[in-house]
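Each structure below is given as structure tokens.
Shared between the two complexes below is chain A, which pairs with chain B and chain C, respectively.
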Partner chain A sequence: MAAEPVLRLKNIVKKFGAFVALHGINLDIRDGEFLTIVGPSGSGKTTLIRLLVGMDSPSEGEIWLNNSRIDKVPANKRPTCMVFQSLALFPHRTVGQNIEFPLKIRGVGAAERTARARELLELLRLPPHYQEKRITECSGGEKQRVALARALAFDPEILFFDEPLSALDYRLRKTLEKELKDLHARTGKTFVYITHSLEEAMVMSDRIAIMREGKLEQLADADGIYTRPVSRFVAEFMGEVNLFDVEGTAQGGLHGRGVEVHVNGQMEDIGISLGQGERGTLMVRPEFVRILESSGTSDFIVRGILRAEYALGSRIQYEVEAADGSRLSVEKLREDRYQGAIGDELVLGWDLDSTHLIRED
Partner chain B sequence: METGRTTRIVLYAYGVLAICFLYLPLVSVGFASVSQARYLSFPIRRYTIEWYGEALDSHTVSSLLTTSFTIAVIVTVISLVVGFFGALAFARYQWRYRNLFQKFILLPIFFPQAVLGLALLIWFNSVGIIPSWKTAIVAHLVWISPITTLIIAIRAYAFDASLEEAARDMGASTWTVLKEVTFPLLLPGVVAAGLFAFLLSWGNFPLSLFTTGVDSTLPEWLYAKMVSGYSPLVPTLGMLSVLASLAILFAAFLVLILAKSFKQARGTE
Partner chain C sequence: MEGLDRKLGVFSALPIFIVLAITFLAPLFVVAAFSIMPAKVFSLANVPDFSAYATFLQQGYWKSLAWSLGMAFASTLLLFIVCWPLAYGMAKVFGKFTLVVTIAVVVSLFVSENIRLFGWVLTLMKGGLIAGYLEAWFGVEMESPLYTVPIIVFGLVYVYFPFMLFPLAQGIAMVPDDARQAAADLGASRWRILWEIDLPLAAPGIVVGSLLSFVLAAGALAESKLLGGQAVIVFADEIETAFTYGQNWPLGSALSMVLILIVGSLAIVGVSKIDLDAIMGRKR
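Then we have the complex of A and B:
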């Protein structure tokens, strides 16, 4: 992957009247990467992509595409293309005419356009006779592929996606996520994808940027986001997580409400330590929490009562109420299912290396 | 089912009655136009088509038809242009005075036409314009443009704005977006609005009465002849007017079908 960014955002600010939608975004998008921008609704991700595509211009800051500044260039003059949430396929045109549209605008001859459309249909694994098919006759998944083919038609430098999968049912979405990742690998293009689903982001992306209230909260690969979130917000955004408020002790250890800490000394080595009186949040994902024998030991221990059990398919989730009333979740593979019953007293434990400490200002 | 059958019969009867109620008067005009007697009475003793021959030969009639047709065509064209862009402003774009615009554009429709005609006549006089068929065009436009705007706006409301944005994103200029995306998608609304505009202008009486000055349209002439000097030429011309309307409708229908088959032929090329 080239070190030089293909798209560079410098201190992007966007205001709508008195409302500040984006507070100085800095972001380098690498050539050929699959970057996903994730955030809840209202986090500014849609505003951001509209600026990147050129449907709106920033109040402050600069956007550079390779070596040219593009933040004042309108959408139709930019060598980028977006796949819309609604897909925006022209209902009055056939599949072929839709795919050829960007080429027709660029004055490409009819024969060449048809040939290119056929090539793209093949790339998207749609049969060639679809060229004559009406958009209204296509299924949801086929429409996705047609929209992708159309976006790729004029060979844009960057492809943007504005939650194109959000309207589809779960199974189809899962299939298309993988197809999209595969398409990215085959075309080698830079993909910038927007979604509110971190799960979707994790499946596809090389890097994930998390947005919150108009700011970039964290930029990392899927692993980094999942195991080393920079804030409670990011930690909680990705599904289930157990969080404990902790404070540094005079001995260099940690003291937390509702959690017994049985480690000393090595904490500093792996960065899980706080100065005396300093506050932080201890995080452990449910799948790392083990259900111990009553005499078992572990680096961290929580005692509680099993309150509920949920079947998640391949995994089972347990809800445990700790002594101080807080709730923990534990996940086990179906084959490692806990054999006891609701109401059992449990000892839960996990190790230092599956623990992460969140320091927030 | 017994009840289902009864319901069906009642519904059919209701439908037939409604159609009779709507169209029987028109049929009687048709009969009147082919009766040789000066006044219509059933049964008709002698049928004749001489009045149709007379109508087609008459200079008055041809000038009436020309005036009505010219007004209707010009009104259709202008009201479609105004209505198209008016509908975009009405339904598609957010702008400061949109709410106000949406309300004001509707007012002329609710204004009684006679009052509207009178108001326009007074206004033409006060600014020194002599009423003629040209001023009638202005009068018709005041009433018909809001209607075409509304009809096209209904279509524009159902329009997905991201289609235009997508076209733009793929490199289309403002003009290309209008030509390739906006206009084709609003076309069914434009065709419907055009038919309405033509037929409403063609058949309009109150506005024309006030604003045509010395010129006369077909409905005006029919009225004048009914008041003084009735002859079977009146129902004959009435029938001709209806037939002309039907011809326009039929032509529009044909154009739509041809356009569709042409498109399909091109698609399978």
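Then we have the complex of A and C:
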């Protein structure tokens, strides 16, 4: 792990009039990492990135790039740059002129600019004759690559992305996600990527920061976010999940409506324990829930009735109504599919080590 | 399908085409015909006679033409510089306040040009509004700026202000904000953004505004007469004189033709360089 972060945000607050869009963001971005900031629409992602590239300035707090404070430095003087949600290509310039733009601004000679643009076209797998092509003649995916090439021509310390793939169709998005990750590896640059899509974040990132209503909710790698969310919000945002309200018992165990707890002793060891009367949320992902024989046992057990079955491609999802009326989802690989029928009474169980306890205030 | 569309298109354009032909092209042909008619004949059935054009070349009319074109050019340039910031504000900054500016500028058009210019004469003349107050309050005596070339140019700028302002605002509105922001993000300074992004992307509005102002200013008469006195004789003045005092219709027509040709070719070159659809709305 690098000792010093490239970019350090200290208690960033942004207000628009009385409305507080960002409530004190603290974040260290590591040199060379691919960090993704994920959050629902309106959570303040664009606002944050605009502060980081200098298109707006924070109401409070500091931004440090390496060892200099940059929050008062205007965008055109910062060594960072951004790929816009809209791409913001210059419609009156050719592909080549778009890519060369930052070099032209810097006063690089024409021959060198053209050579560099050609290299970048190659890096992004666009044919060399595209240099002369009009922006309006490019497809969505090509425009995407041109925007990337233009940003790379600037040679930024950090490259920011504001949902650049959100307007593309699913297949192209999948392709470009992989290309971006690959490009990150090849260029070795620090990428900070914004998206509202969890899937995109999971595929590409070294670390993921979850944003909610102008606050950073959790910062961890994909695995940490998926298996050990700090809140119900993160758990639910990161995909299908089963949650149960539980309370600590006098004996140091857990008690929850609808869940039978058959664990003794070990709960404290892996951090799944609450003080007496303390409340929490027990979480288990659908793929860890098993359908047991009626006499089978497990650390946690829920009884219910199979209500629906959905094919998800390689997996099948089952919806089970528990005795107290709550709904659970269970996922099986297609080859392990449940052989019974809708309306069957089921016993569901899962183990302690696939369970996570969320403590929220 | 496309063939039918095309036919329907021609068909629906026909009425306006006929109206334009009668009201616009026909008078033009009449003027052209008059310009090659021998003097004092008043009949179109004659051998073409180009002596009126020779008169234009020999008698120094090119001087007043040069004044007209020069002042039109100067006022267009000034208009561009003066209107740009306001047009920029209207397109990008003012928001609802844009409507107030628009109404204020449009209302000024309700009063006839001559009356507004005469207002300026009263304001600026010796012993007029400004000079009078200056003298009464500060005891300063001021030379009246009236009857000079700069004041004529000022008059042109004043009268043709809306014709530059609105097309320019329309043009600037077409510049996408994100392109400006991206340029800044990639290191461009304000001036660089103006040069690389704003001017080229607002070009349709700039061309339309400049053409309108230039064409109107080149044919303007009232400004030089009212504000300029006899400081210079503009081309439109010569044309009027030829038709009225001179009773020389062929000369008047020939002079008109010269102006029409110059202005017309400018307009054609200008319009051919821009995408009019961009500013007038998309064609299908």
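In this section, the second predicted complex is superposed on the first by the 360 of 361 C-alpha atoms of A that agree within 3 Å, B and C clash if a C-alpha of one lies under 4 Å from a C-alpha of the other, contacts with A are read in each partner's own complex, and residues count from 1 in each chain.
Note that in this section a contact is a pair of C-beta atoms (placed from the backbone, for glycine too) under 8 Å apart; a residue touches a chain by one contact, two chains touch by 3 or more.
Nothing here was measured: the structure is a model prediction, and the numbers come from that model.
Superposition model on chain A: chain B and chain C are shown in a clashing arrangement. By the touch criterion defined above, A:Gly109 lies against neither chain B nor chain C after alignment on the C-alpha atoms of chain A.
Within the superposed three-chain model, A:Glu132 lies in touch with chain B and out of touch with chain C [touch as defined at top]. Comparing the two interfaces of chain A, the one with chain B and the one with chain C have residues 53-55, 74-77, 81-82, 84, 86, 88, 90-92, 101-102, 105-106, 150-151, 154 in common. On chain A, the positions that touch chain C within their shared complex are 53-55, 74-77, 81-82, 84, 86, 88-92, 101-102, 105-106, 150-151, 154. Interface residues of chain B facing chain A in the complex, by the touch rule stated above, are 160, 162-163, 165-173, 176, 180-181, 184-185, 267-268.
Within the complex formed with chain B, the residues of chain A that make contact are 53-55, 74-78, 80-82, 84-86, 88, 90-92, 94, 101-102, 105-106, 132, 150-151, 154. Within the complex, the chain C residues that touch chain A are 176, 178-179, 181-189, 192, 196-197, 200-201.
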